């Protein structure tokens, strides 16, 4: 599993959550995580979370740190467990930066009642995919939010890289953990 | 998925990491998590982690909080991802109790270089299993450790219950998260 | 697994056999079975059974009892086995109502050579799906049929509910039956 | 999938529920169903159903019609669904012989409260397995039972063959039903 | 698994690599391999190999021997292993015809640096698919190629049939090889 | 996936075909292939191929080149396909050394009617495994055989290494081939 941090800004509109996004745009073959920064605006017809669609929620943030993860396996539940672990990892990396006030609730991060993140997992015809976005700024969001800026995290892409590197390493270590145990009765 | 907190002390010697432990001993059918407290002593011939066997490590703690998780699915890698999430959850529940000094490294929890936990996942013929133990006391352990007592957590089984309840809820919420998204291209 | 009996008539035209039908229309998250009554008219371009398409069969019934089942698993063969069990269950529930003249042939129910049912299973991008329809009336169908009316079953939705409840219970009991056996050599 | 009806009596003691039973004893390679007749006596230590073990139930019948099914797939839940379908099929084949008084409850067949059958599914290291036994005589059984003799079914092995043939055909037809549908959205 | 050799020429433009191609066109239900001869011209928007699309490669041959394989299983990696075995089989069948100069490189066959074949595997919503084409003529191809004619293979469809027959037999023999071994520790 | 060529002779008696052989003996974690040279003598009670057991065949060769492959996946059929590809690869590597007289028949290699190889695939509780042995000498074998010596291959371990390296590379290339295609309809 490999990652790329895309330095050039890229706005997320939902169309990036598609199979082979990393391969077609960055030449990464295999399981991957792409990190970039840009606004986030997903219209209802691009949403994959039917819960949001039914609630007529919409997603907007003027500046976010984005992660697009692709696993070339078809077990969506498995990728949802990975997604929760990714969120836990983001929290842990923020703790290393001195941010100790966050709590994880499922696939979301909060400071008190203000939401730091949006996240979704889904299936493509050939893979499973995760999008996670962290607010950099909390201006103009449709619900009460907190941004990385409010948490005094200024080197946003560097946070992104540290999360991506850790996630890639953990995927490998979990794969190897599977390869060193005997079965039991 | 259901849990039981066994109030009566029970010493862990490795033989509890076996299929249908919850069903045969507590009547719990289906995915389960059993919480109990007792010593931990696993001899080399009971160990399932060949890495420990090769290193001639042995596992001993005079008092631990134990979790035995069983998932009736055969994908060991998937259960290893769940195991990491369980460890992240323990850390989060300890944060709720005011313990803010832990860090997670894979399937282990540390305060500085002192280890709080042991953990392993494996396959049985009919299921996948996780054992996780948290030191209550850190006396007499073969490596530098920290115990829940040192962290001023005194209601040990209550911590265990809060972890177990949260884990059961999260397993359900992940299952349902799988059931509300459309696929993408 | 949950079910809903939709009392308001709803005509089936094939478009109901789509992922998240239960969630988007009735708010049911997870494996589900939706029961409703209405006509059945599926044009060639909506058919999923290529055997019918090749034979230029078309499906019409002016009044049917419909079941839409969704399982959030991707093994179509497994859902086809469940479909056969659903058909067997319908026959058994009709026997409880005193109808002792039916026979099951694969995924169809017949009285002598008159067909009571239509049924199909397929895959969506995120789930597997079953449609089963039972003629209420046998007027105007393109092949010789029998209807629930001819079998003196008048409380059609009540039959539907009893089938749905039984199917949900059986799915649960099969899940639990998987969780109480040891392996053999 | 193939079947063999073994004419020579063979007593069932639980050890027949093992992988490659059909191949090692009858040379049948691949998915199979073996039909034979003989007593049934399974001691506690041979039982695979921990529910029976916990309840200290034991299984005895002096004369039974036995089916041993082996599927070379590792999804136990899928084989449990097949087991239910096998039980439904036995009921249907008995209906063809004029026995109209049975009801199926999960993996059991009853006439009123008298049990006709015992059945279990489990995993071997290389396959999944089903045992189903139908009482021929109901003498001396530890619970109230009914036997095929009481139902006036005298050609017991011929019933066994008709069930086995039908089951093999249905497994094939379900496999092919999977190969003729297009996906839906 | 069954095969059909279609004697009538059929040009390949990519649209044949679709689910149920064998069933809809030739009535073959289940795993299948269809053999035919015709030109090969796949435009960029029909290509499934994103590597070719990114490289702006295009695929053209005025006369090819084509194989379309469909397996009703969803594990693409497994079908890619089968694809390599199919290519190895083509090489072996050509050796039986006295062609001893080919080498296999992944899913391609070469004589020295001249390419004999094109091949791709992909997923449909209900199956996995392989296309393999062997140049009959090497005129006008966009890269240096070799054709069956250059190898003095003139009965092209007969080669196709021998490959298809062998592949079907090998799929069956691999299935049965799975059904004759005991597990190990 | 990694390989090790063990230079020190090691006799194969069947007990090497066990899970974690590479990890416990050579420290290789993850999918692996171990190459070594030594005699081959497998007694009936160590055999995993019930076909050989039923035929009372036994396996003996005084000097063989051995491959033990382990894949940490539980789909035995998939590993059997890989096994066939391994055999095809051995044939191809021998062709590079100028040996052009072999033919592959399933998982065996022959020169005319003389057998060069033995091979088997099976399941362990945590993985799938392949053993393949190539006769170096053909003296004293229970059936007519050919040895690498007869084929003028003298650097036996070097052949082993070239096969192992190629196999590891091909496993990786097949994994990546899965990650560059879009799905089709």
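All chains are identified by letter, namely A, B, C, D, E and F, in their written order; residue positions are counted from 1 within each chain.
The definition used in the following text is that contacts are C-beta pairs under 8 Å (C-beta built on N, C-alpha and C of every residue); 3 or more make two chains touch, one makes a residue touch a chain.
Since we're looking at a predicted model, the values are computed, not measured.
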Fill in the blank from the handout: Moving step by step through touching chains, the smallest count that connects subunit A to subunit E is 1
Handout entry: Intersection of contact partners for subunit D and subunit F
Key = B, E
Problem - A-F or B-D - the one linked by more C-beta pairs in contact - result: A-F
Problem - Whole-Å gap between the CA centroids of subunit C and subunit F - result: 49
Fill in the blank from the handout: Distance between the CA centroids of subunit B and subunit C (whole Å) is 42
Handout entry: Mean-CA-position distance for subunit B and subunit A (Å)
Key = 26
Practice task
Please report how many Å separate the Cα centroid of subunit C from that of subunit E, as a whole number.
Solution key: 39
Completion exercise
The positions of subunit E in contact with two or more other chains are 19-20, 23, 50, 74, 76, 122-126, 175, 178, 180-183
Practice task
For this assembly, give the contact graph shape among line, ring, star, complete and other.
Solution key: other
Completion exercise
All chain pairs satisfying the touch rule are A-B, A-C, A-E, A-F, B-C, B-D, B-F, C-D, C-E, D-E, D-F, E-F
Practice task
Give every residue of subunit D touching subunit C within the complex, in rising order.
Solution key: 17-19, 48-51, 75-78, 80-82, 84-85, 88, 92, 95, 100, 103-104, 106-107, 120-125, 129, 170, 173-175, 177-178, 180-185
Handout entry: Touching residues on subunit C, where the partner in the complex is subunit E
Key = 50, 54, 74, 76, 122-123, 125
Completion exercise
Touching subunit C in the complex, subunit B uses residues 19-20, 23, 29-31, 72, 124-127, 175-176, 178-183
Fill in the blank from the handout: Residue positions on subunit B within touch of subunit D in the complex are 20, 23-24, 27, 74, 125-126
